[in-house]
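Down below are the structures I want you to see.
In the two complexes that follow, subunit A is the common piece, with subunit B as its partner first and subunit C second.
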Partner chain A sequence: MPDNGPRADTVTLTIDGREVTVPRGTSLLHAAETQGTTVPHYCYHPGLSAPAQCRICLVEVEGAPKLQPSCVTMAEDGQVVHTDSPAARRMRQGVLEFYLVNHPLDCPICDMSGECKLQDYVFDEGREHGRGREPKRVFGRDDFGGDVLYYGDRCVMCTRCVRFMDEVARDSRLTVVERGSRAVIDTFFDSGLEGASFAGNVVDICPVGALVSKDFLHKARAWDLDHTPSVCTSCSQGCNIELHTRDNLVQRLMPRENQEVNGHWMCDYGRANYEWMNRPGRLEAPMAGRGGERRAVDWKTALEHLFVRLQGGTGDVMVVGSAEASNEGLAALGWVGEAVGTVSARVFRSPRADDEEPLPGYPLLVRRRDLAPNVDGAGLLGFERAGDDTGAGGLEAVAGHDGIVLVLGDGLADQDVRFGASAGLFVYLGSFDSPAARNADYVLPVTTFAEEEGSFVNAQGRVQRFWPGLRPPGSARPAWLVLGALAAALQGGRTPASAAEVFAGLEAGCAAFAGLSYDAIGESGVRLEAVHG
Partner chain B sequence: MAITVKVMRRPEAGRTSYMRATLKGMSLTFKHLVRPSHVTLQYPEEQPDLSPRWRGTHRMEVHADGRPKCVACGLCPTVCPANCIRLVGGEDDQGNRYPIVYEIDEFRCIFCGMCQEVCPVEAIHVGQHFENAEYTRDRFVYDLDRLMEQDHPSTLLWDPADPRSE
Partner chain C sequence: MSEIQFRNPGWAGNTGEFDLTEADVRGTDYVGETQLDGGHPSVSASLPYMLVEKNPEAPLFEGPYQERFEKIRSRYPTARAALLPALNLAQELRGHISPATMDEVAELLGLSNAYVRGVATFYTMYNKRPVGRFLIQVCTNISCNICGADEVLAAFLEHTGTEPGETSSDGNFTVVEAECLAACGFPTCVQINSRYFEDVSAADVPAVLERLKSES
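The block that comes next holds the complex of A and B.
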């Protein structure tokens, strides 16, 4: 057909009797999704190319001689598509039966059970009973190296893992060997996936239980896990993640899609760095008194006494923040410092890696040098970096300061027991006790990011919120609540009831955050540049 | 709805006789004196005949080599309405998934038998058993070894000859 005029940017078609208008170049699978129909698919993944080889997304297009793979068939004007016609259903049932010819029925011992696409599709549309009489072929399992284990019997040959390593990680370490029913995924050399920095993603994208994480193996069932949206704290990229928790313990971290930060992916370093959130030995009660005089007190006593001491405090204030603390905690720390006197030092320390490590096929995602989530937020809030690239040193002036010293979130691991000995008032807010907090007049237990609500600013200048997934231990409270209450008492304001209220105060007081609100940030975050032009 | 008060009308003191009710009760007593009831079971000399569907304390089936049949799939703690099963799965030295910890709190259990019904490998069963006396309360949390030691018959949740009750 001659095509003379300019083509419209959108096409209108009918899917399952409903008219849909989508941009030109949209696949039928996507177009169906916009009107709420999910077409089953294995080989197609939104972050990868579509080879149309799993044959389960076939849909009926009126006028086409055969069923069409919806992941690669582009929507055209006037198409009439049936995703659920008898022909499409019959075809899907047939394809699923072929998948089950060799797929073991080992759902009870399979780690993917509960989030497995084969399980879901067969439950929805599969035959009630299998008709296979022949024994199933058995491969056993293969250690791919790194954190990845491969169960060949369960594989449906979608090749998502192979394409991820080829297209996104650009590190071709996986391939399909053999053909037909003997085909398996395999690695090339003995090293396998060992040392590949993004290989953990193949476990996430595997639609069945063929690729499983060694770390998560047999640890929890998918339906027992609670999912909490959060932000990865392992570097300043701030990949959007989900905390998967059970029994008040983080069981694993999974990437959460955000096309402007991390796509569908996250690095293995971040994925594996969750044990510290479950670490025992936390500070659980506020404590008052230096050295041997230290004793546990309740929050009311601690804050009232601290308030009196701060009111009568003399000398200037030195504030040590942390790039692992939320914007709200750091802001409230600043408010307390400013309410008491002149803040002569406002510093944070954070370790830095030697190199950045980008994900080649998704250049937005870079494992950053700064190994803390809120380096940029701390910078915007007036904190200056101190110390070296291991996150040590730089606190000489604070250690011997004779005024007021406030420390939030910094473990002071490199400092000795003389830290703060000469301070007029030394307040230590942290999740874990530290030998260097021996001279603290008040040790106040605060929650980690996994136990509180708050926000970070990532290396792109993007404000991102996180939500609490764990219950805090003992009487630990969010730093923004403790410091917000103190600041409110000192300045004569109202104690903040939520992190959103602290953020509102931050928005009013700090030009960098002007015009933002928690509602506007939402789950996917907002770039500060986008707000301020 | 308005509250209504029901007033009980009792006979006044001294205006009623209990003679008739007393005689009625005594007649029953004498009847049993001359013709004893056959309902009473002389337990423990005589043991009751339990129904094949009796749901008592649990037992775990074992393989011929002594391993538990349980594969730690997690369905029984999921389905348990009383939340009385604690399960921690793991992998043994042959690469089989097995329960590292499997505990049932028999006090908490309501003996519904859903754990047996849901089990994909017919490992956990409720049993035809009711004599569970112990000296301490904590003995009622049965661990895996204890469950495997139990030798009473398993419950038949349905008659194998008539699975659909026809």
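The block that comes next holds the complex of A and C.
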């Protein structure tokens, strides 16, 4: 390269004997990651500033007089870096020994055990035996309020939590109090984290078991949890999350990184809202017959009889969808309605909060006013919002309709037992029974989003997929399958075998989704705008 | 100045070769108190005693203190940088930094109160609790320790009748242990308010306390 020529925007260096090329301005830690080497680190977190204070990411750079912190040392052309040389290993072992001077090693009762960075690093590279003979100092635990509990003895003083509150939540409530071996993380005396809307994230980013969730306390061991990629359903932001499940129950929700939606974060409201996925008392079998005549039937009987009734029915159809239902379920609902007559109402209801709540240091993430995941999907699929901001009302016409009424996913909580009394045919698809479904000719049990595959469209116009993390109860089935089968029978097509097939049908029928496929959406989603320019 | 005779006159550098009093060395006009306006910066840090009565309820900040606070604020580029001297000033006025004081200083500087608490607790020179008129800090670090600092500390505690950190019933003395005071050549070093007493032995302690009482 000529001396005064433009600087290349990549640099090439050697890490552990292998050559890597990375964009200029990449830290050694990230450069090593691109070739599959994870350099241990505590204070560094990709969503926060890098104070280079934990001293465990030091690596050897040939020519440098001392070991360099890889989180803030930028890759340079021609550098020769050793992350695993004797010097680097010796240093890490020494640093780890210091971290253990006062650490209680209470892994057997620590929630972080199994996903703890102190445990991992010490297991990988620490000394086999401790040499300390002095008693360890003991702090005990401190309730920070909200969902957060602090075990001072386990803390490695990485200050990730302090920096999260400073830089991302912009609510500097956490600080390091005292110094040296007496240092603890705390708030201003008893003020706590109560009322902070994003504080739950400090539990996720704490590399050890110092900050734990009260809700998750002693509930499950990390290695017993299955992780399923999913999308938060508590508002229309659609933060990417993981369902952590055990024994067919959701044990907790954790954010899943997506730099275009939620970064590394999620809000406390969404995080806390999962118990309903585990709620018992679900609809487990299809049922036929109104009121007192209602009886459980098998799917074959239910669908065959319903098919006959739908085929014979004509005229005016009203469909009630839900902003909690998947695109696939809503699309199939529309197909069934269109196949049997003229759809005169195609509505959904959804509660709205008074205001939205942005995460100041990561403004892309906003807890939206719409407290349901698929308001935008419902809109694109031709459903109109009805009712008020509490998600009630707006169904007067449907309640007294004398044609066909199809309800998917709306619990009809505000409706009374007269709902649908005069309907020629009333079909209710839901996960839970409802008093207002008393007049339904067919009550069909469908899965929740946690038990099925599907997609939502978030408030950014981004199509995002989710995967099943729970087994559905009884014979509940995904709405797209039930309605897809009916629509196929009515239109003379083939029953869809997967949500992807329903999506393909939807893509063909709805301009907004044209050009998209399940594969293209993948785990990180696609903005519709990006597809259509 | 007191007439009580004792071996150690209580100011740095006295080797016994000269017959000078502290007033001779420093001049009399500022010995014994901090001037309200803080005085000239060249001496404000080396004032021997700060015997101005502390008022834990004193407002932050008024009159000359307000002016000094403004001066501090204007000398530093950021509020964080101005925090240490601002806390100093509050302590000079109130004698210690209580949670309420941290909160007020945070408010004045536009910082979070948690951050101010973190800073105030990091530095041992901020008293987080009320202390006596004389804060006696006995160095027990290596040099002093070898030369009997433990006995000196024990003597101070015994003669004041206190536990470490506790204030004597007459409100005069609070005795604490200190880490290295950077006077390793003159062990044991004891810092009393802003002044160093050097070469202190356990036997000197009663006389030192007598002298302090006579000045209080």
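Please note the rule applied: the second predicted complex is superposed on the first by the 527 of 533 C-alpha atoms of A that agree within 3 Å, B and C clash if a C-alpha of one lies under 4 Å from a C-alpha of the other, contacts with A are read in each partner's own complex, and residues count from 1 in each chain.
Heads up, the rule we're going with is that a residue touches a chain if its C-beta (ideal position, glycine included) is under 8 Å from a C-beta of that chain, and two chains touch if they have at least 3 such contacts.
None of these values were measured; they are calculated from a predicted model.
By the touch criterion stated above, A:Arg221 is placed in contact with subunit B alone, subunit C being left untouched.
Of the two partner chains, subunit C is the only one touched by A:Arg173; subunit B is not.
With both structures placed on the common chain, the touch criterion links A:Ser113 to subunit B but leaves subunit C unconnected. Look at A:Phe189: by the touch rule set out above, it reaches subunit C but stays clear of subunit B. On the side of subunit A, the complex with subunit B involves touching residues 107-109, 113, 141, 217-219, 221, 223-224.
For subunit A in complex with subunit C, the residues that touch the partner chain are 171-179, 186-189, 191.
Residues 71-75, 78, 89-91, 95-97, 120-121 of subunit B are the ones touching subunit A in the complex.
Subunit C meets subunit A in the complex at residues 99, 102-103, 111-115, 117-118, 121-122.
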